[in-house]
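One chain, chain A, links the two complexes that follow: it is found with chain B in the first and with chain C in the second.
And then the complex of A and B:
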């Protein structure tokens, strides 16, 4: 168990270091940053001043190690546009993105667990086919478009939910539903497959032979085993959802981290862009590690020698 | 020589129906994409400010002159929809070619050579998965300016993970089969074994992955174009059409419903076809 943990930690660290390098290279892709920050009407003197002020006149490697060194101590630099610490900006916006991600995950689990169980219990019936169809429809749904359609129907025509902003919990319902759509197909299929596999196993036959009730077999014995991969994948899906929430934050004008990144891309505010890429990647890495750990804790067979 | 790595499940009737539906949708979309210049009723770029937001034929006030109406600049919506199909298919296919080349090469090498190489491949896949795709693609296009080529290269460089995972795991299974051992004994070179024995036997799995990737690339392109950092205007990408029509959606919802439904149906069709192919080949695509 300990060696498993150490190995996972080393890999996680290396992944984070690689993403850091890639994020740095990414923001240098445009060539001369000082020129793009200064804008089209700047004079050469302006550009030189900006280059000096932001330390862009130093060798690239010096800039890179300076950034890495600071990032390791939690200092992600200063935003050019907002004139504020990047770490403070991200910390300020993160609660919105996290709330959105968790809302989406809860909705996805509430929908896909019962659907998956139902489909497994009624395998190869019309009900099973309907559930699989729902998963396919969810997979094909463009999330930003679903968001707009919900805004027109639930928001404008029915007036049930607020259309945009972050004022109350109701503001997170529509974006949460939209975000959940991206995770429902995978979670439903996994629950279904896990339940079918569990229902065919020896311990379920034993439980049946003991004369346990159907509900007890399903929920206590089968679901407990089928849920192991689902719980793990749910953590990974949360990572994907946080990374993908940028589109939904833009549609619903939720001022989260994704919205911050989108604004910053438009303004060539590259310290913010590279920091958001890094933070989202680190969160994803942490969540996948958490998933592996949960797998190992819940299922001793996976711990290995 | 050919073997099924995983046995095909029982073929079910409704599955073949849904596969046919998928095939018809994809076939129609490919036809529209190829024949677009000849079948569009109007020039999709021609503006007519006197005929802005004409409603589709089934609504009151609609006419057969513009079957799907016109957009906010008076451009024929049906023509733009057909042209948009061309863009979606073009991007879906080219992105899949780029990501397929990268992913299959990496995955096959890792699965075939094993050891250190495989460790490096696994690490590359893990790193790729931790990178937020939409954000990075937006940043690249935002910094370098939007163009079709850049969009295809960026998405291709970001979406190779599923190809790599499937190519790697299937190569590992094929590598240990008897006919590969026989080829070794016959003195075949490593390259010959990879190209003649391994690749043909994992190809069916890769075709299924390719359909899923085309669908994913089309959805991502639409999302990026919707955010204004994908296909540059005035090209009628479906995502861009939805973005441009967004300001009018509360008064005339059909302006966003039409391109959205087109996008949804095309992606659904590709996925249905992919699912059908998966059952047909008995392939596995779960990662």
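And then the complex of A and C:
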């Protein structure tokens, strides 16, 4: 178990280091940062002053190690546009994004687990095909379009839910549904496949031979094994939701981290862009590790002899 | 008193094209070991699964009579059947490596049977599980209860399966090739254990095997299956001494007997393979491979009685003695 953890930690660290490097390189590749910060009407003198003030005149490697060193101590630099600490900016926006992502994940799981189990139990029936079709439609639907449709129907016509902002929990329901829609197809199909495989296995035959109840066979013996890949993918999906909620945050005017990233890219506010990429990557890595740990809880074979 | 298990004219099909079992009849008495022998694919496992109502999806069974302790199993719904399974009738399988759930401890999987059928507390169930593990020859049962299947060897897992099957004191134990997947030395141990348990607990046992050596050692009665039919059934000594059906005779010729077999003499074999038999098939399914067969074998074959308790399915008169 300990060596399993150590291995996972080393991999996580390497991934984080790679992402840091890439985030740094990519922002530098987007053009001369001093010129774009200074704006179209700036003189050469202004640009030089900005370059000096932000330390962009130093060798690239020095800049990189300076940034990495500060990031390790939690100092992510300062935003040009917002004139504020980047860490404070992100900390302020993070709750919105986390709430949105978790809402999306919970909705996705609440929908896809029962659907997947149902489809597996009724394998190759009309119901099964219907579930698969719905899943396919969900995957094919663009999220901004679904968001707008929901706003029009649930928000404007029926008036059940607020259409934008972050004032109450109701504000997160619609964007949560939209985010969940992108995760539901994969999770449903994975649950279905896992359940079908588990239900055909020898240990389920044993469970039936033991005369266990149908509920125990399905939910205790089969689902426990079918859940292993689902947990891994659910964690990855949550990562996608946190990082990929940029569009949804736009549509529903949720001022989360995605919105911040979008704004900062437009303004060439590179310390913010670098930091957002870094923070999301670290969260992603942490989620994958969490999924591995949960898998080890679910599957004793992963814990070693 | 009715027999422990009575199967009469059992038919099992998968879809409409294959008949896996075609009119099998057999009886298991209390306290006896009834061996069901035959080649792979002859329908012996399917017979057992049909009795337990554990057929895979798409399988359907039909029988003139299927009763356990006088109770008609065909009339029981899924729930009623589940109340019997693991309780009064238990089953162990060929694949000890995959028959236990990898996600739960041995203890958890054993105790849930008793909790389900007898409503016992976890404490009582754990004590019973530890006792049974010790009974099937597992040392340090307390330790094993907390372990997961992947931490045990194949032989140990099969012992756990046997102990688990005994949790509720079953009357009938169906063992489907319980030793096939194990090492030869472990095979002997498991077989000895099963024979001992059967004797001590007075179990009725339906033992499925393709190994005539096993039959000779443990069986009270033998039924030989071929292409979904029981072609001969007799008390063990009777069957070995006086096999009537050409297939049984062929099977016995395939077993090397030390001292009797000459070095330069090849071991017997049965030419050809088991035919696929669909619905509406008539006559003897063995006729293609039988050296005594003629045109009449393609018609309905009568079941004959050689002596009380010894019957066989062949139109030939009994005196076709093995050609050894």
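Criterion: the second predicted complex is superposed on the first by the 302 of 305 C-alpha atoms of A that agree within 3 Å, B and C clash if a C-alpha of one lies under 4 Å from a C-alpha of the other, contacts with A are read in each partner's own complex, and residues count from 1 in each chain.
In this text, a contact is a pair of C-beta atoms (placed from the backbone, for glycine too) under 8 Å apart; a residue touches a chain by one contact, two chains touch by 3 or more.
If you're wondering where the values come from, they're calculated on a predicted model, not measured in any experiment.
After superposition on chain A, the partners chain B and chain C are accommodated together without colliding.
Touch criterion met: A:298 reaches chain C, while chain B stays clear of it. Comparing chain B with chain C, the partner in contact with more residues of chain A is B. In the superposed model, A:6 makes contact with neither chain B nor chain C. Shared-chain residue A:136: touches chain B; no touch with chain C. Touch criterion met: A:202 reaches chain C, while chain B stays clear of it.
Within the superposed three-chain model, A:221 lies in touch with chain C and out of touch with chain B [touch as defined at top]. The gap separating chain B from chain C in the superposed three-chain model is 14 Å, by closest C-alpha atoms. On the side of chain A, the complex with chain C involves touching residues 123, 200-203, 205-214, 216, 221, 224-225, 298-301, 305.
In the complex of the two chains, the chain C residues touching chain A come out as 52, 54, 56-57, 78, 81-87, 90-91, 93, 95, 98-104, 112-113, 116-117, 148, 150-151, 161, 164. On the chain A side of its complex with chain B, the touching residues are 11, 14-16, 18-19, 22, 26-27, 29-30, 36, 124, 129, 136-137, 139-145, 148-149, 151-152, 156, 239, 242-244, 246-247, 250, 258, 261-262, 265-266, 268, 270, 273, 276-277, 280-281, 284-285, 288. Against chain A, in their complex, chain B makes its touches with residues 12, 14, 123, 126-127, 129-136, 138-140, 142-144, 215, 219, 222-223, 226-227, 229, 239, 242, 246, 249-250, 253, 256-257, 260, 263-265, 267-268, 271-272, 275.
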